[in-house]
Amino acid sequence: MSEPVLAVKDVTVWRGDNLLLDNVSFSLNDGNVLQIRGANGSGKTTLLRIVCGVGIADEGDVFWQGVSTRRNTDQFNDALLYIGHKAGIKGELTAMENLRIFCRLSGSENPASDDKKISVALDALSLNQKADIPCRHLSAGQQRRVSLARLLLQANRLWVLDEPLTSLDAAGLSWVESRIAQHAANGGMVLLTTHAPINVESVEVNTFDLG
Amino acid sequence: MSDVAAFFHMGGYAAYVWPSMLISLVVLLANVFISRAQYKRVLRQTAQRARAKAESSTTGAKNQNVKS
Amino acid sequence: MTSDKSALQSNDTAEPLTVGILSLLTCIIKREWLVAFRNPGQWVNPLLFFVVVVSLFPLGVGPSPATLASIAPGVLWVSSLLAVLLSLGTLFDADYADGTLEQLVLSGQSLPLIVLGKVLVHWLLSGLPLLLVSPLLALLFNLPVASIPVLMLSLLLGTLTLSLIGSIGAALTVGLNQAGVLLSLLVLPLCVPVLIFGSSAVLAAASDLGAGGQLLILAACLLLALALAPLTAALALRIGVSGTR
Amino acid sequence: MFKWIHRFGSAPFVYRLAGLLGPWVGWLCLIVMLVGLYLGLIVAPADYEQGESYRIIYVHVPAAILSMFVYVVMAVSSAVFLIWRMKLADVVAQASAPIGASFTFLALVTGSLWGKPMWGTWWIWDGRLTSELLLLFLYFGYMALRAAIEHPQSAARAAAVLAVVGVVNIPIIHYSVEWWSTLHQPATITKIGKPSIHPSMAVPLLLMIFGFQLLYLYIVLLRTRIGILQREARTSWVANLPEIESSGANRV
């Protein structure tokens, strides 16, 4: 079996004297959806941040296409889309402005097609009439949906989503689940943490339990 | 004036030479002793931690025996 | 609702989609400009701080024109240094708080360029206003009018260098509590050369000697900071972002 | 050759080595310092110009030299830590900061004590003394930054970046301060540096510099052991160290 696309090997994290992550290892290949499960404070968020490169592990390493992400950081970041606890959008800017920045940062250079894509995405998330007000006036759920709109806009292979379903209504939940299913079907990879188990038809979701 | 008094008198500059020597001595010795004290403290802490871990793993083992 | 965009280039050798230098810079500059424009307090306060601090000195030192003229370059320069440092807090902290700093770090685009874009906008909103206000304050200190152009030129070169050097301190202390105090402690020793040559340029101009030499050295400091500071700040940001939880 | 350097990367080896060298360095330092002070304070003749007050150089000059030397060691080991991710290099940098700051503080205090009889003021804005003052701020900055970040690994890397940035700036700061001090003060002050020195005065000075170096080495070896213990506390090789078992045993 060839080298897995994403491999996490023996990640260990101490918090003072107690062991938060104990030699965590798993790997992900095209089309995989992996759900990290664990109680609150079991280190789910820390693990995800370490995988993305915005967290430091005391031991262990993360490999992208067989190379440590410390070596091929730019290539790994190009393939990565990370949505963390914080929405990652500027309160002062409108949803449209925020998403334009994300499009530009993920490599697209023509604003015209970006704007079309953004309005399509915002329609899908029923945010179109909220597109032009500063995001700080939106509710937490709406801000969450603005950051989730990136799932439609950016062609990244690896999605790392930290509790994407929190503060979403039923429509939002099913939309995210169908996006994940479609992404995996197209050969993408999804690594996510959720409290409630997600039901993603036609794609096998394997889980990884943290202590 | 006897040699010793002349020595301490330092040609009139006693008020500058001796304080600078004294301050240097105090600062450098402070560094040495603080470091040594810190070394002993860290040694003791590590020992307690190592013993605590050793005890918890032995009691763990003991429970195993009880259970199995 | 099928989205056309989800076609993935899953081939392994997808070359990185790095955006052109200019388009990345314009994107960052536009972003920073919009954010700063929408909460003006962020850049008006350092300006007011500068004006207030400078006008305090005559009250402390006494109104005699001769002494004021002699201390004017130092007062103007030290106050602008403190004003720039005061405003540096806003460079990364707001982005750190709402999680966008992580997105910038993980964007795969060149982080030093992003930092450069942010510092340029920060300078436009903090350094430049100081520059424009300084002639008025120079008159308060009855600095000879002939020396005002040199004052403005030295502040032009100096405040940009201070912003660049300060961005390293801001990146190192991102997300820390009372980062402002720590930032000044880290950055002040590094700003001493700029302060020395800046105020001596104005002093030289005030006593109508040539200030060319000092200005050239200030320009050299600026080029050095332009080259090294964004790289160092980018490295410090990657460390800062992965530091706290 | 590279394998030899690699051995310096392994903590147990360095820990034991530091333990062995420690006492020897300590005693040698004491002897050298005592001989140096004896020669410097008693045997060396008075300076025809400054009289007895010049003897302060036996403490001032070594402290000033060491203050710069220690910062350069800190910066180099920080660079090694950043580039090759050698944890022990950071332990050495962290170990050197307090003693480096102490040397800088001593250089300032003895400098002003030496300046008082010569120029009548406690502090003169001489180029060298001002650079020392700024170096002291750089040390405080390093220690403050390391204390402010609670995550040990990113505190180490942030402080390492600051040390490298600092060392790049030191020459720039030094020459701008030198230029500044000569600009504002006509060069009436006598050479504060090493006056052309008579051998009988030079020997104790060299001994004292060597003594200060040994003291720095002693402190660094000791604090490196502390750093290693703190970082490797959970490993097995620390658990069965003789001193761990013994200090644990007499506790029970």
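Each chain carries a letter (A, B, C and D) given by its place in the written order, and its residues are counted from 1.
Definition applied: a contact is a pair of C-beta atoms (placed from the backbone, for glycine too) under 8 Å apart; a residue touches a chain by one contact, two chains touch by 3 or more.
A quick note: this is a predicted structure, and the numbers were derived from the prediction, not measured.
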Nearest to the mean of all protein Cα atoms is the Cα centre of chain C
Comparing A-D with A-C, the one with more C-beta contacts is A-C
CA centroids of subunit A and subunit D: separation to the nearest Å works out as 48
Expressed in whole Å, how far the mean CA point of subunit C lies from that of subunit D is 33
Rounded to the nearest Å, the gap between Cα centres of subunit B and subunit D is 18
The positions of subunit D in contact with two or more other chains are 151, 154, 234
Check: subunit C positions touching at least 2 other chains come out as 242-243
So subunit A residues touching two or more other chains come to 56
Here the pairs of chains that touch are A-C, A-D, B-D, C-D
In the complex, the residues of subunit A that touch subunit C are 30, 45-46, 49, 52-56, 65, 74-75, 77-80, 82, 84-93, 97, 100-102, 104-109, 117, 120-121, 124, 134, 152-153, 155, 157, 179, 182-183, 186-188
Residue set of subunit D touching subunit C in the complex reads 82, 134, 137-138, 140-141, 144-145, 148-151, 154-155, 157-158, 161-162, 165-166, 168-169, 172-173, 176-177, 179-180, 183
Within their complex, subunit B touches subunit D through residues 7, 10-13, 16-17, 19-21, 23-24, 27-28, 30-32, 35-36, 38-39, 42-51, 53-54
Listed in rising order, subunit A residues that touch subunit D in their complex are 14, 56, 58
Per the touch rule above, subunit C residues touching subunit D in the complex are 168, 172-173, 176, 182, 185-186, 188-190, 192-193, 196-197, 200, 217, 221, 228, 232, 235-236, 239-240, 242-244
